[in-house]
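Chain naming follows the written order as A, B and C, and within any one chain the residues start at number 1.
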Amino acid sequence: MKTRAIVSSVSVSVALLALWGVIAKLEWISPIFLPGPAATWQSLSDGLRHGELLHLTLGTVERMAYGWALASLIGIALGALIGISPLLRAWLQPTLELIRPLPASAIVPVAIAFIGLSPAMVLIVIAFGAVWPVLLATTHGFANIEPRLHEVGRVLRLSPLAFIVKVGLPNAMPDALAGMRLSLTVSLILAIVGEMLASQEGLGLAILQAARSFRSADLFAGVVLLGAIGFVSNSLLGMAERRALKWKQI
Amino acid sequence: MRSILDRLGWRGWVLPLTLLVLAEAAMRIHPVESDALARPTDVLNALAQGIANGSVLRLSAQTLAAALAGLALGGGLGLAAGIWFGLSRAASDAASLSVELLRPVPSVALIPLSMLVFGFGFRMEIAVIAFTCFWPMLLLSQAAVRNVEPRLLEVARVLGFAWWERVLKLILPAALPRIFVAFRLCVGIALVVAVTTEIAANPQGLGYALMNAQQSLRPDLMFAMLLWIGLLGWGLGAGLLLLQRAWFRHSLAQQP
Amino acid sequence: MNALPRTQHLQVVTPAQTDAPLIVFDQVALDFGAIRVINRLSFSMRRGEFVCVIGPSGCGKTTLLRLLTGLVKPSAGEVRRHGTPIAGPAHDVAIVFQDYAKALLPWRTVAGNVSLALEAAHVAKSERADRIRQLLAKVGLGQHADKYPGQLSGGMQQRLQIARCLAQEPAVLLMDEPFGALDAMTRQTLQDEMLQLVQESGTTVLFITHDLEEAIYLGDTVLALRAAPGERSSLAQTFEVNLPRPRDQLSTREEPEFLRLRRAAFDHVKDTH
């Protein structure tokens, strides 16, 4: 049963690829807009081997990773503090709820106003935008600790710090990791937007320039790489999540 | 009096209001010439003016139109595909690899492509929004259909319903609450992507006005646009949540 | 701070050896908002005594335990231990909850869960492994040290909770209907295991249950509480259980004294409903 699924899904993907190739070859859509798979592959391999593509990819990945890591640390730390204290939650929750629906990209102009166009600006934008999913998820995880566990902690006379670390954090891990996965998506998006707007070297800027110069094959190659970054980073995080939460699989 | 205040959650408002009052006072005492800071009262003023002269409403209409059109297109296709995949294991299996390969492409990466094909304007923005809304709608409505209580399906079979009767009378109504939740999520996504596209490239709508204000060194207008975008997002979300509670209170045990 | 001191309470003591009561409830009252749930409750517990508490829902049985942990303070009267009022949780007072699944850490192994109590007591890392092994062996979970609570049956999860409580080397063990959610066979097995454990260590036990026969089978004393006491004392009746130890599921339950107590307890319940 499983192999049938694999075979059918691979066939469908291959068929779609072939369809793409046919449409491009027959020029049903102008090659200015739609390069064929072959042209895309050419641009991709040339760019990676001889050109800057690898360098640009690493630039984007680095940006995304640093911003995400920073956001995760801050989000978990703040989320723990806010989540565990009903008092803090009462004071802060509405402010957080007000900021949540704001598109993270809307911070970009504000950041430019304050910091100017620079790598630091992009990093701050990414961290600021990516902190919310982690913060809110971690707060939720800490706020929803089983009341019985609170009692157990008090009867065992666990110090507040010990309780947060030994009970709160593991309990909030499923929520926090889900938030971190969302944050990763946001980080990638903001890295790309940041590069486009602040003209920072990376794939985001590269595909913008490719579009402006009508180099569709390069554009597609860049998009494929960005998709690959998204895919790989998400898979890695998914694997880490499964390992950390193996007690849940029972 | 106390209980009314408590119910409104007065504590939550203290922090933002205090900060605003302090900022206002500080900037009045020390008048600041800055491209980045603006007095809260100036910001509110700029927003009021924008509403009065119609520009804010016009810009909002542009952004919302693009968002809703993109949602209708992408979300509609995603819903159809999701229902199909939810009902047919064979179809969802066949599509799985393609979905996993195409889904991780970040929406903003398509902005230059869309720009290349459509130039600037509504079509370009709608295309990006449609792509972004398609995936969550697909996956969530698929899950909603799959999640229909198997016991109900057994009952339907025992009662002798034809397959299309099963879908229309049983599966869709049962999946509707979760589909609405997915819809709510996608409205938020559509709005965010619309604003992002306008910030990054498309010269129309609220996002463009925001960027414009910053570039014209009008921080009061910039914050006014930021505030308005936030209010719009919050208002849409709150409104949809109210609808959800009104329509689906009994079907959904808890709101996500 | 080093490991818990090995104090005298670990020796087996008989009621005759101790005269001063260990725990005293002195005219204790407890209000939930405007409702007085417990009123003028007075009783005492000797060291090593096994006291069972029965009563209808709403009589405050569960709250009684929390008064002894110090997590709840009485609205009137005093709860004293060793003559001083209880101010807060003590290192040697342990509580076993009825909803065992909620009281265990699902992300830690069986050994890890027991370790939590040792970590809280700042037991040195080198000592922990041995203590954990001993405790798990004592409750019969020696083979399951690396499993997760989610993989254990209800009875085993409850044993795990008991093991964690024993890690505190408790002088006082509080148990809140611990076997209520288990099937009859597991319940009987755990009852006997429980009795053996507390006999060996001379722990003082306060045991809440809604099962009248269980209360008589396990206890030296059975306290019957009433709900909505009004002006009267919450303590409706006290039964002294003069049955020989060690108890046995078959023979003890056939003793004439057991049957007499059983009849008395059932009559009491019938009268108060």
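Rule of thumb we're sticking to: a contact is a pair of C-beta atoms (placed from the backbone, for glycine too) under 8 Å apart; a residue touches a chain by one contact, two chains touch by 3 or more.
If you're wondering where the values come from, they're calculated on a predicted model, not measured in any experiment.
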item	value
Category of the chain touch graph - line, ring, star, complete, other	line
Most contacted chain pair (by C-beta pair count)	A-B
Distance-to-centre winner among chains (Cα means, whole assembly as reference)	A
Where chain A and chain B are represented by their mean Cα positions, the distance between them in whole Å	18
Inter-centroid spacing, chain C versus chain B (mean Cα positions, whole Å)	54
For chain A, residues contacting two or more additional chains	none
Contact footprint of chain A on chain B as seen in their complex	9, 11-16, 35-36, 90, 93-98, 100-102, 104-113, 115-117, 188, 191-192, 195-196, 199-201, 207, 210-211, 213-215, 219, 222-223, 226, 229-230, 233-234, 236-237
Of all residues in chain C, those that touch chain A in their complex	69, 71, 89, 91, 93-95, 97, 99, 102-103, 105-108, 116-117, 119-121, 148, 150-151, 168
Sites on chain A touched by chain B in the complex	4-5, 8-13, 16, 32-33, 90-95, 97-99, 101-106, 108-110, 112-114, 185, 188-189, 192-193, 196-197, 203-204, 207-208, 210-212, 214, 216, 219-220, 222-223, 226-228, 230-231, 234
Complex contact set, residues of chain A against chain C	146, 148-149, 151-152, 154-158, 162, 166-167, 170-171, 173, 247-248, 250
